[in-house]
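What follows are several structures.
Each of the next two complexes has chain A plus one other chain: chain B in the first, chain C in the second.
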Partner chain A sequence: MPKKHLSFLLMDAPYEQARTTTGFRLVDAALRKGHDVTVFCYEGAVGLAFAKQVPHANAVHGRDVAQEDHPNPKDWVAALLTLAQEKNAKLVWIQCGLCVDERGVGECVPGAVRGSPADFLKAVESADNTLVIPTR
Partner chain B sequence: MPGGYLLIESRDVFEGPTPFLELARTLAQEKREGPVTLFLVENGVLPTRRCPSSEALSALAKAGVEVLADEFSLKERGIGRERMIPEVKPAALDVVIEHMAAGKKILWH
Partner chain C sequence: MPKKILHVVESAYRATLEEQDDTVLWFTHAMKGAGADVTVVLRGNAVNYAVEGQNASGLALGAKKQTQPPTLDADVAKLVSMGVELYYVEEDAKARGLRATDFVSGPKGLAQAELGELFARFDLVFTW
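Presenting the complex of A and B:
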């Protein structure tokens, strides 16, 4: 299968929905096949790449930070950006600027860029296919 | 763009309407739009277990719809092949990417 450009729109905030995990899995699968990918994060999804997420301990279960090994989606975003480089694929991770400002999550992992819904339109127009994963 | 649809159903039939089952059946009957695949993911895989709700999936398969279920979602929910109706086939999530790359029309519910 020749290299394609696939775009995705994510809307769910981190730590809330299985859709986030599935969205990450889809981007991962596309990159592993060598496709170029554009992800547009809208509304709560802009929190996925927020750089100030921190792992936490779990006092209820008596586990420290290392034992809890709490996953943070910012690390998954960073891992996908790294994977793209390894696979010689292009991953553009766009954060809706208005959504970022509303939520005060301007500090993003390196590689995520600020944009607007107009950038999603451009991505759709240039992509071979697009999947919108809407929130409920 | 080549014909054909991939409909992704992520919701549990027990928690609310799942219009994609009806949409898949209608598209398959029309035939003009090309082959139709229904991909079940997350709680959408729950009716793959043999139960009254799985009858709708069996009917779709008999109508010509390819019905697939995400292996990861099945594993998360402890649904083994022995509990599933035979008309549904476990599949990797890669199927979605393959359909996207092939230019199929793709919708998520």
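Presenting the complex of A and C:
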């Protein structure tokens, strides 16, 4: 299968919607097949890559921090960036800069970059297809 | 040749006070400024964005007053003035008691049944 370039726009903040997980799964599936992916995080989605997320224990589950092994979204973003390298695919993870500033979430996992709607437009123009997953 | 992009805006008044605009209209404005060939359809509650004279001013929480409230009708008019073709779904306007004369100049009415034909004219349709 020839390599494709897919672009995605995510908009939901972390820990809010299953749409985010769906978006992550689509990115994962594309990377596993060696396709290049651009993700543009808009509005609350810039929190997905925020580096200061911390895992917690869960008394209701009866598990300590290690046992709970809480999958913070930043770890999934980092895992997707690593997966891209392993599959010789390119994953560009763009954070809307103004959205980042509004929320004070400038500290991101390594590999996430700051950008603007113009960068999303560039991705759209170069991609074979684009999926916008907006907040509802 | 840039791709032809259609934004369908349906979620309305989401974070408009915090952002002092609508995030999708803002995004459209920025994309247009970056050279996008972009068109907008307002449907559902978002048809209200085109209503002229809406006024969101006056919010004050404690001592903190909002001095630059959103002006969505002006934002719609500005997009049109930038060359963005802008439609609203006539049935959605009618269901909300809105007539064409209530709107800023520029947006064009479109029947729900015409949406499919409109979508077919675009390379990409983004539904927000």
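Definition applied: the second predicted complex is superposed on the first by the 133 of 136 C-alpha atoms of A that agree within 3 Å, B and C clash if a C-alpha of one lies under 4 Å from a C-alpha of the other, contacts with A are read in each partner's own complex, and residues count from 1 in each chain.
Simple rule for what comes next: contacts are C-beta pairs under 8 Å (C-beta built on N, C-alpha and C of every residue); 3 or more make two chains touch, one makes a residue touch a chain.
As the structure is a prediction and not an experimental result, all values here were calculated from the model.
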Check your understanding: Where does A:H35 make contact in the superposed view: on chain B (first), on chain C (second), on both, or on neither?
Key -> first
Check your understanding: Taking the superposition as given, does A:W93 touch the first partner, chain B, the second, chain C, both, or neither?
Key -> neither
Review point. In the superposed arrangement, which partner chain does A:L26 touch: chain B (first), chain C (second), both, or neither?
Key: first
Practice item. Kindly classify A:D128 by the partners it touches after superposition: chain B alone (first), chain C alone (second), both, or neither? Key: first
Review point. After lining up the shared chain so the two structures overlap, which partner does A:F50 touch, if you call chain B first and chain C second: first, second, both or neither?
Key: neither
Exercise for review: Scan A:P117 for contacts with chain B and chain C and give back first, second, both or neither.
Suggested key: second
Check your understanding: When the two structures are overlaid on chain A, which partner does A:M1 contact: first (chain B), second (chain C), both, or neither?
Key -> first
Exercise for review: Have a look at where A:A18 lands relative to chain B and chain C in the superposition and call it first, second, both or neither.
Suggested key: first
Exercise for review: Take the contacts of chain A with chain B and those with chain C, and give the residues found in both.
Suggested key: 129-130, 132, 134
**Study point:** Interfacial residue positions of chain B with respect to chain A in the complex
**Key:** 8, 10, 41-43, 70, 72, 92-94, 96-98, 100-104, 106, 108
Revision key, fill the gap. Per the touch rule, the chain C residues reaching chain A in their complex are 2-3, 5, 11, 14-15, 23-24, 27, 30-31, 33-36, 124, 126-128
Point to revise | Of chain A, residues touching chain B in the complex | key: 1, 4, 6, 18-19, 22, 25-26, 29-30, 33, 35, 128-134
Practice item. In the complex, go through chain A and note every residue touching chain C. Key: 9, 42-43, 116-118, 120-121, 124-125, 129-130, 132, 134-136
